[in-house]
Every structure is written in C-alpha cells, then in structure tokens.
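Got a structure here, written out as structure tokens. Questions coming.
Chain nomenclature is as follows: A, B, C and D, assigned in order of appearance, with residue numbering initiated at 1 for each chain independently.
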Amino acid sequence: MLDARWQRPPFDVVRAAHAELQVTDLEAARHFYVDLLGLVVTEATTDALYLRGYEERVHHSLVLRQMRNQTRVEDPRTPAGAATGAVPAAAAAAAPEAAPEAVPAAVHLAYRVAREEDLDRLAAFFQERGCPLQWLDPGDEPGQGRAVRVQDPLGFPVEFFCAMEPAERLLQRFDRYRGAHVLRLDHFNLHVADVQAAYDHYKALGFRCSEYTATDPPGPEEKLWAAWMYRKPNVHDVALMNGDGPRLHHLGFWVSDTQSVLRACDIVAAAGRADAIERGPGRHGLSNAFFVYLRDPDGHRIELYTCDYYTGDPDFEPIRWSVNDPRRGTFWGHAAPASWFEESSRVLDLDGRLVPVEPAKLSERPQTVT
Amino acid sequence: MLDARWQRPPFDVVRAAHAELQVTDLEAARHFYVDLLGLVVTEATTDALYLRGYEERVHHSLVLRQMRNQTRVEDPRTPAGAATGAVPAAAAAAAPEAAPEAVPAAVHLAYRVAREEDLDRLAAFFQERGCPLQWLDPGDEPGQGRAVRVQDPLGFPVEFFCAMEPAERLLQRFDRYRGAHVLRLDHFNLHVADVQAAYDHYKALGFRCSEYTATDPPGPEEKLWAAWMYRKPNVHDVALMNGDGPRLHHLGFWVSDTQSVLRACDIVAAAGRADAIERGPGRHGLSNAFFVYLRDPDGHRIELYTCDYYTGDPDFEPIRWSVNDPRRGTFWGHAAPASWFEESSRVLDLDGRLVPVEPAKLSERPQTVT
Amino acid sequence: MLDARWQRPPFDVVRAAHAELQVTDLEAARHFYVDLLGLVVTEATTDALYLRGYEERVHHSLVLRQMRNQTRVEDPRTPAGAATGAVPAAAAAAAPEAAPEAVPAAVHLAYRVAREEDLDRLAAFFQERGCPLQWLDPGDEPGQGRAVRVQDPLGFPVEFFCAMEPAERLLQRFDRYRGAHVLRLDHFNLHVADVQAAYDHYKALGFRCSEYTATDPPGPEEKLWAAWMYRKPNVHDVALMNGDGPRLHHLGFWVSDTQSVLRACDIVAAAGRADAIERGPGRHGLSNAFFVYLRDPDGHRIELYTCDYYTGDPDFEPIRWSVNDPRRGTFWGHAAPASWFEESSRVLDLDGRLVPVEPAKLSERPQTVT
Amino acid sequence: MLDARWQRPPFDVVRAAHAELQVTDLEAARHFYVDLLGLVVTEATTDALYLRGYEERVHHSLVLRQMRNQTRVEDPRTPAGAATGAVPAAAAAAAPEAAPEAVPAAVHLAYRVAREEDLDRLAAFFQERGCPLQWLDPGDEPGQGRAVRVQDPLGFPVEFFCAMEPAERLLQRFDRYRGAHVLRLDHFNLHVADVQAAYDHYKALGFRCSEYTATDPPGPEEKLWAAWMYRKPNVHDVALMNGDGPRLHHLGFWVSDTQSVLRACDIVAAAGRADAIERGPGRHGLSNAFFVYLRDPDGHRIELYTCDYYTGDPDFEPIRWSVNDPRRGTFWGHAAPASWFEESSRVLDLDGRLVPVEPAKLSERPQTVT
C-alpha cells in the first residue's frame, strides 16, 4: 500500500508536459481537437500536428501523428487479414494480435524536468532497472531540446525533456479563444496491470500521492486499486488505475471553469458529434474536479478538467476512497459507462510496435461498474 | 395533430402559478425544499408550508401539505395492508387500488388569470364540459383571492385565481440566497393518457404550442406524442406527455443560470442525497433548457430549468421532434433513466381521492427509452 | 406621474424588434458587431448589413447602414468645414448644426405587432396625433412585410411591422457561437426631453411600467425622471430617460448569462478595443440586470443585458427608485461615467434629416452623476 | 532590476499561508468575513477568530484579533487625544503619529516551510541580516507548531512555521458553502518603499518572479515599480508594490470562478455594504486574474482572486509591463480609484508597536493613477 515517506530522488520531474497520439485520420483528428475543442496549432507537418492550449508558452502539449498505413503490409509481423483497415483503439485492446501500426495508439508521454542534468540522472535511474532507452537530439522532436525516452517498468513509452522552444502565450488573446477554451495539459491517466508496482515506481521518481482507491475491507489485506500522483501541487500529473495494461486511459486538459466544460458539450453535440461525449459532465468525488470525458475520432479519450485543489503542503495526507463508494467516481451518484472502465488506448514501444497488454492483477470489479 | 389557428377564448390565462403537493413527512420535505433547494417560507401552518422563489412577489408558488395519516385506517376504502405506511409516489402509480390518503400526490395545479371576470368565464367553460367544480372564497387558500377549482377533462385538479397577497420580493436580497437560488415556478409537466385530447383542451384554453414530439414516420399517420404549451412567452406553462395518466410528471422551477443547476447537484450530494438526482444535469434538445431533475423525499419530481427562449412572436412556428430522436431529450446524447419515463405523482380529485389512472393511448415506446 | 390603469388600445404591440443605425464605416462596424460581438449576418448589400442574434428566427434585429458620404457636400445646409469627416455620435449631440448626413445616427426603431390590421390601427393612432407617416411595401425593407413608419410625438423615427421573413434559428448551433453569444434584441433606451410626456405616449400604446425613477422628495411634487416600459413580460421594451432628446441612448441585446458579458469584455479588450467598454460590467439595481455598455466605432451605445425578471402578472406594481439612490444605477455602488449620462445617438426623421434636439425638461442632475 | 538566476537557498518556503489582522470591532469583522464572505470559523476565543477557507485542511489562514483598547491610555507613548477612538487603517497611514494600538494593523504574515529544520535555517538567515526575531513554541499561536517570527529587512512582521493542526476540509461540503465560497489564502500584497530591495530580499529567500512593472522607458535606466514573486507555481505568494511602506496592501483569497466574485459583490451590496467594494470586479492584465477588492470594516483590503496561471516551468520568463500601460491594472481599461494606490494597512513590529512608514523611493506616479 502507501509509503508515507516522501522520497527525494536526485532529479526533479516538474510536471506532465505532453503526449503524442497516433491517429488513423489526421484531418478528422484536426477537426476534433482544433475546430471543436479549440486547441491551437503551433506547427503542422505532412504527417503531424503540434498543438497547445491558450495558456501554454511552449511549442506543444499534444502531438497528433498520422498512422503510416502504407508500411503496414510490408511488416512481416502483420497477419494479412489485419491490413484491411484501422481498428478502433478500444477494439484493439481486445485484439492484441493486430498489427502494431494498424491501431491508434499512444506514441509517448512526456514529463518536463527542472534541469538538463536531470535527464542524465533519469537515464541512469532507468538503465539500472534494465529499461530500453533512446536519446533524442534537440529538434528530433520538433520544438524540443535534448530528451530521453524509455520504456518504463510499467511498459509505457515515457519521455523526459527540459528545454522546449517557446510559442506565443495566448492566455489573454480572448478574441482567439474557440471551443472548450483548453488552457493546458494537466495529467495522464493510465491503465496498469499492477497498481501497487506502478505506485512504487512513481514514488521512486519523487511523485507524491493525493488520493487513492483501495479494496474493501480497509485494513492490512486491502489492495491499492488506483492512485493519483503529483509533482506540481495539484491533484495529479499521473493517475494509475487497475486494468489491463499498459494502456493510456486518457489525457486530462485543464479548462478554467465549469462553463468551459458545458460549452464543449454543446459544441460537440451541435457539430453532430454527441457520440463523442462518453461520461459526464459531472463532479468527481475523487479530486473534486468538474469533468467531461470525450472520445476523439480514433477513440482516444480526453478529459476536460477543472476545480481540483492545492496539494503542496508538507503534511498533505492522501485521501482514501473505497473502490465500492459510488461517490468516488461521480459525486452526484451517476454510474460511469462500462466503456469508461474497459476501453483504453494501446501504447507503442520505442520501436513503434504495440506493447503487449497484461491482464489487470485485481480481477474483482467495483460495484459501481455497470 | 396540431391546429395552426391561434384560438382567442374570452378569458386570459396568464401563466402556470403554483402547485400543492401532498407529502408524507413535512419535515423531510421542508429539509429538501427549504434547506437544500433554498425555497423561501412565506407561511407555515401545522400541516402546510407555503413557499416561494426569490423573484416571486406573491404568497406562494408551492404548497407542501402533510398527509393526514391518522385518518387512513378509519377510511373504509383502505385495505388493511395498505395502512402500514406511505407508498412512494412512483410505487403508487403501479398500485391504484391503494387508499387515496396513503400516497403522496398532487392536490392541485393553479393558473393565474388576468382579470377577476376570467374566473367566471372559465367556470362556464368547464361547466359546459361537465367538469366537477368548486369555488373558493378569498383566504380559503391562504394568501389567495377568489378561485375556482375544477377536475379538468384530463382528470387533473386545476385551479384558476386572479388575486394573491403580495410577499416581499427577495430578488436583490442576495445575502439571503441559499441552495439552488430558485427564482420562480415556470411550468407543469403532465403525464396524460391521450396527448391529442390534452393538446386540444389546452388549445381551447388559449395556449399556443412551442415544440412537440410526434411518432414516425412524419405524415398524415403520425401521432402527437408530447406537446409544450404556453401562455407567457417562453417555451411552456404546461407540457403534455404520453403516459399513464392523469399524473403529474414534474414541476419546473426557473433558475437564473447553469451554475445554479450545478450548485444544486453539489449541495444535494454533499447533504447525502445524491440519490435525489434522477437525470442530468444536461441540455435538453427540446426547449434548449439546461436542466436537472430531482426527486423529493416522497418521489415528487422537480426540474431546475433555465436557458429556454422567447416564443411571443405572432408567426412562431412549433418545432417538431421525432419521438425517436435521442437529441430531443438530451442534446448531448445521454439516455434518460427508465424511471423518468415511467414514474409520476398521482393526482387527487376535488374531494381528495386519488384519480384513477388510465393507460397511455400510444403504447409503443421511443427507442430512446432504456 | 404614473397612471395606474392599464390601457388596452385596439392594437397589440408585441415587442421591440429591431433598429437601423447609420454608421460612418461599415467595415469597422462589421468588425465590431460581427467579429467581436458575434452577431450573425443574414444579408449583406453594398451599403448595409442585416444582422440577428443566435436565437432569432427572423431576418434581422439590427441593420447597419453606410452613411452616404458623397451626398454630404451637395447638401446646402452643410457648412463647408463639416464635410471633411464624420463626427462621432457624441460630439454630434453637442453640434446640432452639423450636416444631417455627416453624423452617425439612428435611422429607425421598429416594434413588431401581433396582426396585420394592427398596422392600420396604429397608423390611425399616429395620424390623429398629426405625426408624419410613411407606408412601406413588403420588401422595401429587405426581409420585412408591410410596415408603417412614423415620426412619433417624441420625435423618434418609429416603425411598426407584423411579418418578417424567417431566418435559420441558430440557438442550438453552439459550434457557430462567437463573441458575446448575443441571443436577441431586448430593448431600446431613449433620451427624451419630457419623460412624463413620453411615459404618457407609451402608456397610450398599451405599454406597462415596470420600474421608474422620480425626483426627491417623494410626493405630489415629484417628477418622473425615467421610466421602464414593456409589452413582452420582462422589464422593458423601451426605457425613457430624462435628457436632451430625442436621442437613442442605447440598444439592449439579451445574452444568456453573466459569463457572456465577461467574455465580451475580454474579447473586446484582447482585440485592442478596451476603449469600447464604457460602463460595467456590473449589476443594475433598477431591473436587476447584469450588464455592460459598449460603444461601437461610431459611438452608438450597445448594452449586453441579462438576468432581469418576469413582469406579466396582473397586479405587478411599478418599483420606484429615487434619482439620487446610487444603487439604482449600479447595485454595487459604482458611479457611471459622465459620458453615459450625456452622450447619445442623434435620430433621423423620415426624410433622413437629423431631428433637432431639445433640452431636457428636468435640469437638475442626479447626485450620482459624476 | 531582475536577477535571472534562480536562487536555491538551503530552506524551502512552500507558500503564503496565513495572516493576522488587528481589528477594532471583532463582531463587525466576523460579520464581514464569516457572514458575508463565508470564511469558516475553526476556533473563537474572547479576543480572536481563527478562520479558514473551504479547501483548507489547516487550523487557520486568517486570524482576526480584537484591538486591546483598554491598554491604550496606559501606554506612555500614546498622546491623550489619540485614545478616544480607533482610526481607520487608511487614515492611520496618513497619521503616523497616532498611538500604535489605536489603529487597525497587520500583526503578522506567515509562510509555511517544507521541513522543521528550515525554520532554523531561516532564523540564521535573518539573524545574519540583523533582524529582530522571536521563537514561538507549539501552541503559542493556537493550532500551530514551532514557529519563528522576524521583523524582516523590509519592516514586515513575518512568521515561518512548518506544522499546523489539521481541520476538517470542507471542499466537498457544498451544503455548507456560503458567501464568496472562499477556498484558500493565495497571496500577500505589500506596499514597500524600495521595490528593488524587496525584490532582492525575496529572491534571496528563493522566490521567483512571474511578472513585474517597470518605469519607462525600457532600458538600463528603468526602475522596478512592482514585482510578483512566487514559491508555489502560480503567479504569486507575495507582490511588492512601490508605495509608502512597510504596509500591507491586501490579502488575496482564492475563489474557484468568476461567479464567486460576482456573487460576493451581490451579497455585500444586498447587505448594505456596497461601500466595501473598492475596485472591480474586473480582469487584471497583470496575472490575468479575475478580481474584486473589498475593504473590511476596518479598511483592511481583501482581494477575491481567480483565473491566474501555472508558473512552474524551469524556463518561465517574467513578463514585463510598463507602469504606464493601463491594461496592466485592468485589462478592460478601467481606472483604479486613488484609494487603491494610496491606502494600505499599517504593520506592527514584534512588540506590537506600529512600524514607522517610509516614503516610496520612486516618486513619480503612473499615468494610470487617477
């Protein structure tokens, strides 16, 4: 379970910073993220879009990359039958034998660090653990300085970087605000097969825990079901949830108020995409956030998130929730749909192949799952 | 179906004005309506509360009346088994044989008229149709002038009145605002067995239609499934929905903004009454209203309602929705729970007995009903 | 002072419906109303724009007309020096000798009526009062049916019409919402030299009074300083304020919530037009509205307005405010700038000439005017 | 001017944590802070109130202390004439010769640190600088652990502490929310005579700078007019503004949204205290915050503050504003009242005497000061 000591490793991870998603149709993805949600395009290449929120002073917090369909059939690992079309992220989870390139997936998740030398120390940390590792030179990822990518012990493709090219901050360009008025990336939420191991890993990286879910009954036998971990002092930079993993459950973007969440629903529905609204809007018990979950055209899940709280005090005590408390998920008592518990985006390894998914270690399901 | 001519009867119904609900536990009801929703108490008697919203300049828009439990067992019509306790409004609908006094119910629904003489004209109107009728002297209903009550052709106990004692308007006493910041009663929503007949009746009373739901396919064979009818120029004073009737589906109260709806959910959930949140919050396709439906401790349904639109132009054309269009109910695509379609409050006749319920004339169910 | 009897003339004015403004630079005006405030263009001609709000089902609620500069110098009444450029509306008020066409001005204010025959009855009403009058055939004003224009006894160019061509209602096209999310025209506010006479005139037209301002001390000697008059049942369709007149003080547009008002300020300021924000945002004591006043590029004043209340009950009593009560103007106590009290748009007569301005009958100034 | 190096002293100040204000009438102060603004009482003694916001898990973020009137005349330093009554904070600033105890004042401002040993290191830091210093045992300040108080080089009474007794977090007790829904203390704003010296001091304490104001023209001769400094990663924990000092300009409390700010204005005005609204509501250019400034019954200034942004990235560059840019103060262009620039609360030294005020080093006034 939880480890009350706050660990202080020799590197300083600042916050969750950006993610790269592989999509099957870049134009459809642009429509969703730019036209409907209002993310701003910093740079567009033939096969990728680099996006940011209105508050962000950096080159990108979200990269959308067009899946390279033409290379699929040439891949000897690809069964012929799988080449006929892209598989939605959710379906892919149930079909791990599909060709790596044939599914939408998360390419990498990136954390920012405080100092350049933190990158070397993090590289050492992961090498000690036997993790595959790649160095990126400045510009290998457009707009970004030197970076290191690892396949972390949980199986996720994680990047650390310190420097990023500045971009114009549009926080006060209200005349350019569109859509959900997304301000910045806030967090990653991950499906992991072993939450306790994932918690221990992030603890070792210097993350603290704000809230967690545990099995009933409370006591020495209880198991960690999910944990919300942070470096910047709000509820989380990364959430770890019990489920078949490694998979990316969602990216959380910060908006300034509940109105932005409601407006996003209105806009998405008005544009004929009400089906994109998977869960909410509502109030989370855990985190107190006001939220809505949307699914992009490839099934990648996005949370619009606001109204959590400050966690930076030295004596902050993690808040425990029972996995069977329905208010944990939705303070107002609404059940989340089964898809929300079951579907997640596959992740790629450093060579661009799908990382195999292992079944969740805790097999019982919360009573609140319908 | 619809009758395009706007009828101008010799009386002027101004708006939906108030309702009286019979409750099984007046203290529990007070907690819900006053402490949680923030309605203001104008007058309290031993067995009734007279409430109003912050904007209302009149004595009451909602009367809560304690059910007289002590008289139940003495009632020869009461089967012994039914006397042990009150039956929730919803269950009562399925048990029409229960004792009249043993269930929560709607005692009467009241419309305000423009002139005293309208009351006499309305009395004549209903007498021509053979409806049971009662005259009330000023003060028979506290705070109210002369009034006439009828059991209308649809089976509802309907009251008309012109004069009501003023009460202090608290619109700008923001220091006294509590709960959902309810401003005023907006409308009644009724389950009626024959929507076409109910539409024709309200049309004869001078109501216009803003929006309606019809069966598929559109054309000469289509049937009216529901109709939103108004006298004051917003979407409705009364909605008529296909269902076992006569039953009161809900009372709609106006709040000033979406924040009031969200705050109500937060408050109700914080007070341990998340179960009271039945549907929403969300955006209705039909009416464009932002809404939440709550169930009071007796199961009476309350809607908090805002953001509809102006309907007073002479050429306003009713808007048609297909009963199978999911955006009709919830613009964002959420399904409403089955309880919302099936459960309603029974109504009393002028002698205080439960009005028998007839089955809905249209038996097919919309595809959107889960 | 007030006349407590509610007059019922033989015609039915429904509401304030649209206005036509003469502007000096149509492109600048388009930028302000369309790009910044988000009004929707129904029709654009070489010298006019026909605009509506998102809720409006009609062709236009605002017409912007390019001032015909080329005709100015040919006008014998124009002093040579005045021909070099347009004069801001405010300055024009102080320079009544300027050429008629050389200033921004209100061309006409239009009310909608319930029935075609109301137009004939209104024509008779104004002819009895010796007012200049013009009939318009359908289409003379694009999108509009038969109409009658009069120069009313107060000197304003007022139009009455019944039919208008429908336009697509965009209420639920949230994906197209921009700017202040203006929903519909709500009211006109007029500077009149004799408020009592203006009140009596609108009373004769069937308008009721919701709130009014009177001089101190209260009693038989008090004078009417301002009156808010309505046909549709909210606070007003027209406000009459003591001042040099006839002049148009502002057009009030309805927005759905306080957020829309704040967003408009943010947008206008972000676009480098913070100078357009003349007063507010704030809460009016009188009307309870949440408001902001903006000045368009020609100085025409626009109010974004929300949160007033229902006034349709038969016993509604007008609310009195003392002209010296600072909460009347701004509930929060802020003083309005002098420009707000003094500056207004000139109005044209039926021949397109500036109507001369007469000084306000009440010369004392409220203590709240800085 | 600014020092681009981010200093890392051997102690870790976490954030601005609480303040203690001396008030002349504790009941009046309770009405303002508890009844109107909605702060929660953790503990009340005969002469003090310990308050917190809904989010705060600690004993207090604001202490209100009743001024001890009875001791005033016994003080040999008190001129007899000054003993007759309390002097408003603002007036006191202009009357430094008044008796120390006769004025409302700030008793201390407290920062929280990450570890107990930081207190010792901070004590050493201040002793090296020759600052008067006091140690407090646990409980000397109710609810608080060991603490050190210093009179810092700028003349302010500053406290550092690590441990504080927990109090129930009410973040999700929405049924108990009242008033402005204040969530937590956010920052202090100080009038200092020498902004450059104050900036250098806070820099040495490990604070970073988010935004600053400098004199025109930009260049080597420019002077620092004001600086916003932070430890927690939002815009500030402390702001340093040019002015007669040391004086406390205001305490900033965090609210969750713009609605809370507007609601506070409505409540304060409804309670007859519109005079408490000194400036705003509005949008700051500097910080992007949506704000309102209120004056408590003693003239202490409170800001309700929301919508600033994240500043924790390693390459965050301070944003420069010209002291003559009107959008710096109010993005929407409104002028701030002179009182806002001139009036501030006096501060006490560690013995409870008023600290003398020195004139601002920069004497020119911004053009935006009216």
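Keep in mind that, in the parts below, a contact is a pair of C-beta atoms (placed from the backbone, for glycine too) under 8 Å apart; a residue touches a chain by one contact, two chains touch by 3 or more.
For each chain, UniProt lists the protein as follows: A, B, C, D = 3,4-dihydroxyphenylacetate 2,3-dioxygenase.
Keep in mind that what you see is a predicted model, and the values were worked out from it rather than measured.
Undergrad: Would you kindly say which chain has the C-alpha centre located farthest from the C-alpha centre of subunit C?
TA: Farthest by centroid: A.
Undergrad: In terms of C-beta pairs in contact, which of A-C and A-D ranks higher?
TA: A-D
Undergrad: Using CA atom averages as chain centres, what separation in Å is found between subunit A and subunit C?
TA: Spacing between the chain centres: roughly 51 Å.
Undergrad: Taking each chain's centre as its mean C-alpha position, how far apart are subunit A and subunit D in Å?
TA: The mean C-alpha positions of subunit A and subunit D differ by 38 Å.
Undergrad: Would you please write down the residue numbers of subunit D that are in contact with two or more other chains?
TA: Residues 172, 258-259, 266, 269, 331 of subunit D each touch two or more of the other chains.
Undergrad: Enumerate the contact residues on subunit B facing subunit A in the complex.
TA: The touching residues are 258-259, 262, 265-266, 268-269, 274-275, 277, 281, 283, 290, 326-327, 331-334.
Undergrad: Note which residues of subunit D are touching subunit A in the complex, please.
TA: 14-15, 55, 57-58, 112-115, 162-164, 166, 171-172, 183-184, 232-233, 256-259, 285, 288, 307, 309-310, 312-317, 331
Undergrad: Using the touch definition from the top, list the residues of subunit C that touch subunit A in their complex.
TA: 36, 172-177, 259, 263, 266-267, 269-271
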